[in-house]
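In the two complexes below, subunit A is the common chain; its partner is subunit B in one and subunit C in the other.
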Partner chain A sequence: MIEVKNVNKKYGRKQVLKDISFTAEKGEITCLIGINGVGKTTIMKAIMALTPINSGEILMDGEKITKKSFEKITFIPDTITMLPQMKINEAFAFMADFYKSWNPQRAEELLQFFKLDPNERIANLSKGNTAKVNMLLGLSLDVDYLLMDEPFSGIDIFSREQIAEVFTSHLIEERGVIITTHEISDIEHLIDKAVLMDDGAVLREFSVEEVRENEGKSVVDVMREVYRA
Partner chain B sequence: MTINFNNRDPVYVQVIRHLKEQIAKGFYEPGQEIPSRRELANQLKINPNTAQRAYKEMEEQGLIFTEGNMPSCITKDEAVLKNVREELIIEAVDLFLGSIKSIDVPLAEVLELVKKKHDAESGEAEESK
Partner chain C sequence: MKNYLKLVNFEVNRFFKLYLILIGLTMLSQLIGAGIISQTYMKNAKQLMAENQLSMNQYVEQYGTFSFDRFTDSEWFLLPIFFCIAMLMIYVFFIWYRDWFGKNTFIYRLFMLPTERIAIYFAKLTTIMLLVLGLIALQILLILMEKQIVNKIIPIDLQSNFSIYASSTLNMWRWLYPTSFTEFILVYALGLLFVAVIFTAILIERSYGLKGIFYAIFYGLLSLGVFFAPILLVNVYTNYFYPLEIFLMVLVTSMIVLGSAIWIANHLLKYKIRV
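On to the complex of A and B.
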């Protein structure tokens, strides 16, 4: 489980995270929802210790994030971090050098699933295919937790569907996933938990099936209530 | 196999309903093997936890059974299977009656129309075969 407890963060005088608390279970998909600029990416960076926090605590399976944690948790940012002149298979080699948890069989499997050519240069890929390679690099690590920043934004519907399909497969099963999105409709049926954010704060955290069961409401219904209140 | 899920009913409930419809249609025979939880999640594009929940619920309702590590199968209990069909028919009829009621039409007129429409549609279905 990833526990985010009372996290506060300021950029200069601007408070970007305001007493944020939520949890993300292993084996579940937790979705951080909110419009651009509410702090979704900042939280992910904070979990990954890529940015310092002013107060609060972040735990993974009860322990603080250290250097060792990065074999257990990975972050897939919304843009690819590999050098553009690299070929896909060169990016694989880079990942294999960098991470003990790199799983080459899984990378191969995903390459076929996404129908990508390993000899293609990253710079020459379409936006959709770049997003797929980016995703592939993260998914091919044998980690317990995956953080994905806006995996669906700015790509075509078929690529989106293909990426969504990954979420229903063994590639994700058993792992804990946190994804951010400002567009929930594509993935309403895929997620276990929603965390609604606005202006650096968590407004509501709920299990989506429970809300459907007990209140007869969709995620979007709850969002309307929360954001228009 | 795809389902058009609505967003307001629990997904697991919709999955169970889908399976019941398949049973009622005779798509599944008593005792027939059904897809694994993982296969179903993948086919229907849903969360594996949701598929798991649906299977658990169906097991409790006696619709399916799982022996040890074997794949899950449709129940062989004819009474349960008959019930499924009846339940779905009654549900559909109730829904129909509900919408008729609000326009206040005599039953005879409606039944006549239902029969006519139904015959026409099954006629079309025959022709297209």
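On to the complex of A and C.
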């Protein structure tokens, strides 16, 4: 479980995270929802120790993030995190070099699934294919938790469909996933838990299934209630 | 440790193309320059000998011998050295900033590696030192080759004696080509210290943004102040300290500067850095 507890963060005078708390379970897809600039990416960076927080605590399976954690949790930002001059297979070699949790069979499998050429240079890939390679590099690590920042933004419909397909496959099962989006429609049917955010604060955290069963509402219905209130 | 070595290898590879270009340009300029300068000299000397009907000995008596300094003072020799120094100085900054800027934010990957982040700092530091030492080694080889070229073109009787260390130009460059092993260690330890302080200043800027620029400058000046404190002291109390005491004081302040650079960098990378 990933626990984010009372996290506050300021950029200069501006408070970008206001007492944020939520949890994300293993085996579930948790979605952070909110318009651009509400602090979704900042939370992900804070979880990965890529940006400092002013107060609060972030735990993964009850422990703070250390160097060892990076074999158990990974972050897929909305830009690719490999050198553009590298070929895809060189990127694979880099990952295999540094991560014990790198799973070459899975990388190969995903390469075929996404129909990518391993000898292609990252710089020469289309936007959609770059996003796929970025996703592939994260998904091929045998980690317990995956953080994905806007995996669907700015890519074509077919790439979106392919990526969405990944979410329902064995590649995601058993893992804990935190995903951000400002457009819920692509993944509404995939997510287990929604965390609605606005202006650096969590407005509501709920289980999608419970709300559907008990109140007969969809994620979008709840969003309407919360954001229009 | 293993990851540190992998990172060094990785960082060196990233600069390698540019490095080959630097090496190529230096070789081209210096080797061609050695040829051109000796040939121009010989043409001139032959002409003078022919016009005034001088023997080689008479010519040497009248006009003196060819000194290798004439080549090492020339742009052919010096410009590529300046260029390499300038490029490496720029790269001291670029080696960090290239990971933050551009479409691909590679710094995410580096900071998410399952290794101590300070290993990245050490790897980049090692890379800069390796690149510098590589160029120095190349230059020593090149001087030997250039001497051969000069010898092929200008008869030895027309040349004055030359040794790498006796040459007046190279004396000027003493910090580049120290004359003893101890001096070599001292000069390059100083270089390492300098680069480490710049690296830490960069990380301060990266951690605190706009305010960080001021902190970084303050930190840089403070480090400089600590480093030079013994030298100031010596100037105030002239003839008070033995040379060995002065050396030890500088050694201690250097260790303080280096130690704090690494400590601060480690702290920033762990707790303060932002991508």
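FYI, the second predicted complex is superposed on the first by the 229 of 229 C-alpha atoms of A that agree within 3 Å, B and C clash if a C-alpha of one lies under 4 Å from a C-alpha of the other, contacts with A are read in each partner's own complex, and residues count from 1 in each chain.
Operating definition for what follows: a residue touches a chain if its C-beta (ideal position, glycine included) is under 8 Å from a C-beta of that chain, and two chains touch if they have at least 3 such contacts.
Just so it is clear, the structure is predicted and the values come from calculations on it, not from any experiment.
In the three-chain model built by superposing on subunit A, subunit B and subunit C fit together without any clash. Look at A:Asp97: by the touch rule set out above, it reaches subunit C but stays clear of subunit B.
Judged by the touch definition given at the top, the superposed model places A:Lys115 against neither subunit B nor subunit C.
After overlaying the two complexes on the shared chain, residue contacts for A:Arg13 are found with neither subunit B nor subunit C. Contacts of A:Asp192 after superposition on the shared chain: subunit B is touched, whereas subunit C is not.
Computed from Cα centres after superposition, the angle at subunit A between subunit B and subunit C reads 160 degrees (steps of 10).
Legend: residue contacts after superposition of the two complexes on their common chain; A:Arg228 is shown touching neither subunit B nor subunit C. Of the two partner chains, subunit B is the only one that A:Ser218 touches; subunit C does not reach it.
Here's the short version: in the overlay, subunit B gets within 28 Å of subunit C at its closest Cα pair. Listing the residues of subunit B that touch subunit A in their complex gives 5, 7-13, 38, 41-42, 44-50, 53. Within the complex, the subunit A residues that touch subunit B are 27-29, 164-165, 167-170, 172-173, 188-192, 209, 212-213, 216-221. On the side of subunit A, the complex with subunit C involves touching residues 45, 48-52, 67-71, 74-75, 77, 79-84, 94, 97-100, 122.
Chain contact summary for the complex, subunit C toward subunit A: residues 3, 6, 10, 14, 102-106, 108-109, 111-117, 207, 270-275.
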